[in-house]
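Chain naming follows the written order as A, B, C and D, and within any one chain the residues start at number 1.
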Amino acid sequence: MQSLESNALEPTKAEIQGLSIRGKLLRFLPVYGLVILTIILILLFSILLPTTFPTLLNLRAIISDKAIIALLSLGAMIPMAAGRIDLTVGYGIVLWHILAISLQTLFGIPWPLAVVIVLMLGAMTGFFNGLLVEVAKIDSFIATLGTGTVLYAIALWHTGGRQMVGVLPDGFYALSTTFVFGLPITGYYLIAITVFMWLVLEYTPIGRYLYAIGANQRAAQLNGIPTRKYVIGAFMASGTMTALAGVLLASKLRIGQASVGLEFLLPALVGAFLGSTTIKPGRVNVWGTVVGVAILAVGISGIQQFGGSFWVEPLFNGVTLLIAIGIAGYAQRRKGAVKK
Amino acid sequence: MNKLLITTLSILALSSTGALAEDKLPLKELPGIADRDYWVPGEVNADGKLEALQAVVGAEGVPFTGSQDKPVEIALIYPSADTSDFWARNFLAMTKRLEELGIKYNTTEFASRQIEHSLQSTYANQVLQDGDIYDYVIFGPSELAIQADNIDKLSGEDSFKTYVWAFHTPLKDLKNQPDVWFDFSSAAGALVMCDYMLERLGNGVTMAMNRGIPGITDNQRSGDFKDCVMEKGDWKVAYEHYGEYQREGGFEGTSLILQAYPEATIIHNANTAMAMGSVEAQVSVGKEKEIFSTGWGGTGLELDAIRRGELDATPMRMGDDVGAATAEAIKADLEDRSGELPLVFLGRITVAHDQMGAEELDALQQEAFRFSGVGALER
Amino acid sequence: MTTTTHHPGNPVKFSERIEPFLAIIGPMVMILAILLFMGVAEPARYFRLSNLNLILLDAALYMPMAMAMTFVITQRGIDLSIGSVAALTSILMAFLIKQFGFSAPVAITIALVLGALCGLINGLVITKFKVPDLIGTLAMDLVYRGLALVIAKGLVLARFPEILTDIGRGQIPGFIPVPVVIGLLTMALGYWLLKRTFFGRYTVAIGSNPEAAEMTGIAVDRYKIYAYVLMGAAAALAGVMLTGKLNAIQATSAPYFNLHVIAAVVVGGTSLFGGRASMLGSLAGVLLLSMMINALVTLRIEFFWQSVASGVVIVSSVALYTWLQKKDRDGAKGLIAGLTTPESLKLLRLSGGLIAALALLLLIGSLLAGNPVASG
Amino acid sequence: MPTGENNSGPLVSMRSITKRFGGVTALSIVDLDAYAGEVLAIVGDNGAGKSTLIKILTGVYQPTEGEIYVGGGKLVMNSHSDAIAEGIDAVYQTLALADHLDPASNMFLGNELTRSFLGITVLDNKRMREETERVLFERLGVRLRSLDVPTASLSGGQRQAVAIARAVYHEGLRVLVMDEPTAALGPQETARTLKLIMALKAQGLAVILISHSLDDVFEVADRVHVQRRGKCAGVVQVSQSSQQEVLGLIVGAEEAA
């Protein structure tokens, strides 16, 4: 299944130099199309809903609501860069947010340790996924589907239909509820992680190698890149990010239950996929992913303020994804046409 | 192969005899009966039977006097895999009450997720196939209309009694009615709540709503309540958000309401999860004292929120009534008194609110969760 | 020179002779394991005609989709939208019957055509927009689900004409249920399509070597679209069967069709990397998953084991197949030998380290543990 | 000297072929002639334009400028199937085989034999199998142990035979292009493949052989066409030349006359 090909088509410097302004615009449109669309949407909603949309309150609501999905998206995009998919981001968050609470309430483990244990478990799950994919050579879709179902089953077994509730230390709640300069702290986590991942993926050999593996694993191998190590590492990173998202979700919800979390899987994947259509079109990338999650957040929030209903979300997610990949596909064909 | 044919025929034969018992329904007619494809409890319950069972359930258990050569076998088919602890509490209440009554029992659970209608259907078929094992089958439909045929099939089986949980509207076109429907009536709860809210807040108020998913439950919890306050108290509804019964949905809806519809001073939430999300959104902008927000169900979380002064009122179910009543029904059946049971049992509902003292709330909670226990569930 | 069917030289090697059946060894071994286990654990209840009926009835729903998905996956594609297609088309069918008084056969036909149309859209998105299958069908899944919700809201449409319930759960007296007949017929159709038609031949060729297929003049895009159209129609058929089975339908129905069907097909030995198709395997895969759930229910085992079991079965049967193939290629190297390479040792050390760290953390945690604060 | 040059005109001629991709010129004014019953080798460095040249000859690419003549008539081809219709086919280095299909399915890929069954056209697998067996043996002298296994399980030479059989099955085949047929083969298999080429030549085909191995070229070819930097660096008769001379042309040490 060649579902995650990496074929970047951002314009090169040389290419840009020779172009007219119109040409440059045409060339950049697909690259920043989603960003522009996001800005247009924000402006549009701000004009139409001047009193309610462009408010600090709304910004807070969007950030505290979507930061976790953005983290999941960023987690999911790491294996994607290496041409693999990780479905455990959706199943994992169910178990991790439950464990983050139950380790404290059922076993009395202090919260910082509980958090570290959950993160470790996340990394281990990622490691296991990596083993299945790279050592047992099972397709990542099936492998992570398998581990995901098992994680989910453990969550069901562990809770037995109960909600995990308990009075938890304020320090644990503070992980997600603190406000810094008027905005939820989760937003700052997101920025920090985004910048860190951006630096690693764009400016270190790790990122180069991951993208190289995603583009052509065989070639990467022949060039001496230890692909196995990097793919396993990518899954571990994604597992840890999922666990982090789970911890933050637990701190935000204060309740752990098996019915929460699975619904994050699709939006998280959609965010990462959307991300692959912008900034660095043709391959998943950090800022693109953030933009992808942002446009969905903005769009859905705006439409809902118009009184949109519960069906808005899937429809908007789907249509946006279609349009974005349509634009990217168009750009790709234009480029292809030039080549022939 | 012939055996199958015979089974098929015999099931057909059974269902036709089973239908006879329900020929007498409805017992009386209430307004709108022609427009409904279901009966409301008042139409099918013989006078006094519901109240009698409610009284038994509210009182101390009277031990079972008969003898059992073996434990009764109970199968539970319900969508408990991913919902709140509603099903777990019912289960606990039933089993604890059975123990209190001195009835020996074995349970087998067939759980699924709420949206796995097909799996539940598979379970129903399999339990039916193993009908010889079970004495009682408790069925919590994933969705009433979708599981109607399975209710019918299970009810048509003679080797066990069929009890339905979480619904209280007997469908008219079932060939076989289950022996008892056990539920809380959201419609009744909506009316209790409506009366309380009008008395407390007066007329002409503007409200916004976090509704669930369009459907019968939301129509009763939110729709009936809305109709009642608009009609009796001339209230206005500024906005209705569908939060899909999710905490996230409640948070989102409330954030939206707070900024887009500041005229709304009351926020209705159609379940606990949304109420918690709603309260959280209010707290995050410091508006929890200005907004009068309501929940649904009076679960421990909601009562805690009321104690913290974040949530203001909620129609509170005596949660363990359903499970306890099921145990009482089993006892009545074992004592050959099943004729005394109503067709529809409704658990008791009262309003818990922020003007109650701590002790009052505690007592209410104690009563509601007398079997499954106040607070987090231990199973 | 006359052609003879007699081949000189060495007799055909055993491994070559079983090659065509290698794909279904995985599910067959698992099925056998279930049968053996149930033969010991609960033979009386598991092995009876009515239970076979139940298993088949459960599996029948997935047969048409597994058939079509075999083609899609063989072409290196995937379709995540089938659950939504099933829901959307059957909702529309239900509306036509309940609200507009269409006769059931007409409405069913319309549903199937609509399903094919959804498949066509998927195919066009993938071939013309050049969108990877995974993303394209994921997007369309959201769109179809959204449309179904727009149309039906939370409404449940129930009580359909008899023909529909016959399709979904009818029983031919003394014989197997109608849906099973339908399911097996679609499977047979799939087998025929795969072996006897251009579509089947080109499906394998496209999945096996897309460039070669293109070079030999095969209209690759068109045949890809055919596969998605077939998939859409099959999903719609499954939707109709589901509606009939439950005698009711809702926009949120059929939530996990895609994963279940993909799992069944992959367990059946069809490769996600394309080119390797096994229609018999897909049938075995569907049966395996149904038998497994049925066995767990018969044993009255707690429900979450279903999840665990399906996860384990999926992964292990794919792993088994991969291992068999690898063994075939690289010579029979034992599992133990594979574990002692320096690379594997490093991995073992890493996992050991992780587990040790975790154990240490848990130990520290329990030392520091205060009283559990379980009350809310 | 078995070149057809003296008997008649060339079977296929390419005249002044130029091919540009965007701003890059891959071929510039190249001529090429191939005669029936002759093996013409094309050699040259990577990027010299060998594969572009044969892709134009086989209709995969269209030339930016220049013409192709077959049997004296001008030819305009829009696709590879046009070339096949004109009797020009190619066996690519990758062999273009679907490894999961059996040899017969591969041999007839895109050109299946059918029969009518109850008015429905279905594939005639039995006849394709028989034909495959016949063609492999009669034209190439190859017998496979089993025709029921996936092509992937055959040896390199056998796979090559299947790919060649696919090309020669076409009755009207006149020109067969072979792209690096021996690149991935061991010495034994290479010898067998060269024998196949000689057999095809004996059957009167014009064989165009692209190869890096001058040993192979000097073993089977009659003439050698040397490509260098998108241009033809010279055409030499094998019988009147040496490997040194050809090597010189390839690297540009001496310009050909």
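Throughout what follows, a residue touches a chain if its C-beta (ideal position, glycine included) is under 8 Å from a C-beta of that chain, and two chains touch if they have at least 3 such contacts.
In this text the structure is predicted, and so the values were computed from the model without any measurement.
Two chain pairs, A-C and A-B, are weighed by contacting C-beta pairs, with A-C ahead.
Chain nearest the geometric middle of the protein is C, using mean C-alpha positions. Distance between Cα centroids is largest for the pairing of chain C with D.
Rounded to a whole number, the gap between the C-alpha centres of chain A and chain C is 27 angstrom.
Annotation: 36 Å between the Cα-based centres of chain B and chain C. Per-chain Cα centroids separate chain C from chain D by 43 Å.
Touching two or more other chains at once are residues 153, 302-304, 374-376 of chain C. Multi-chain contact residues of chain B, defined as those touching 2 or more other chains: 81, 111, 213-214, 300-301, 375-376. Taken in their complex, chain A has these residues touching chain C: 1-5, 85, 103-110, 113-114, 116-117, 120-121, 123-124, 127, 131-132, 135-139, 141-143, 145-150, 152-154, 156-157, 165-168, 228, 232, 266, 269-270, 273, 310-319, 321-322, 325-326, 329-330, 332-333. Against chain B, in their complex, chain A makes its touches with residues 49, 51-52, 55, 57-58, 60-61, 64-65, 105, 156, 160-166, 177, 184, 253, 255, 257-260, 262-263, 301, 304-305, 307, 309-310.
Against chain B, in their complex, chain C makes its touches with residues 45, 49-51, 53-54, 57-58, 61, 153-159, 171, 173-175, 242, 245-250, 252-256, 293-294, 297-298, 300, 302-304, 374-376. Of all residues in chain D, only 60, 79-81, 84, 92, 94-101, 105, 109-112, 122-123, 125, 130, 133-134, 137-138, 143-146, 148-150, 153 touch chain C in the complex they form. Across the interface of their complex, chain C is touched by residues 1-5, 7-8, 81, 108-112, 115-119, 121-123, 125-126, 129-130, 143-149, 173, 213-215, 218, 300-301, 304, 375-376, 378 of chain B.
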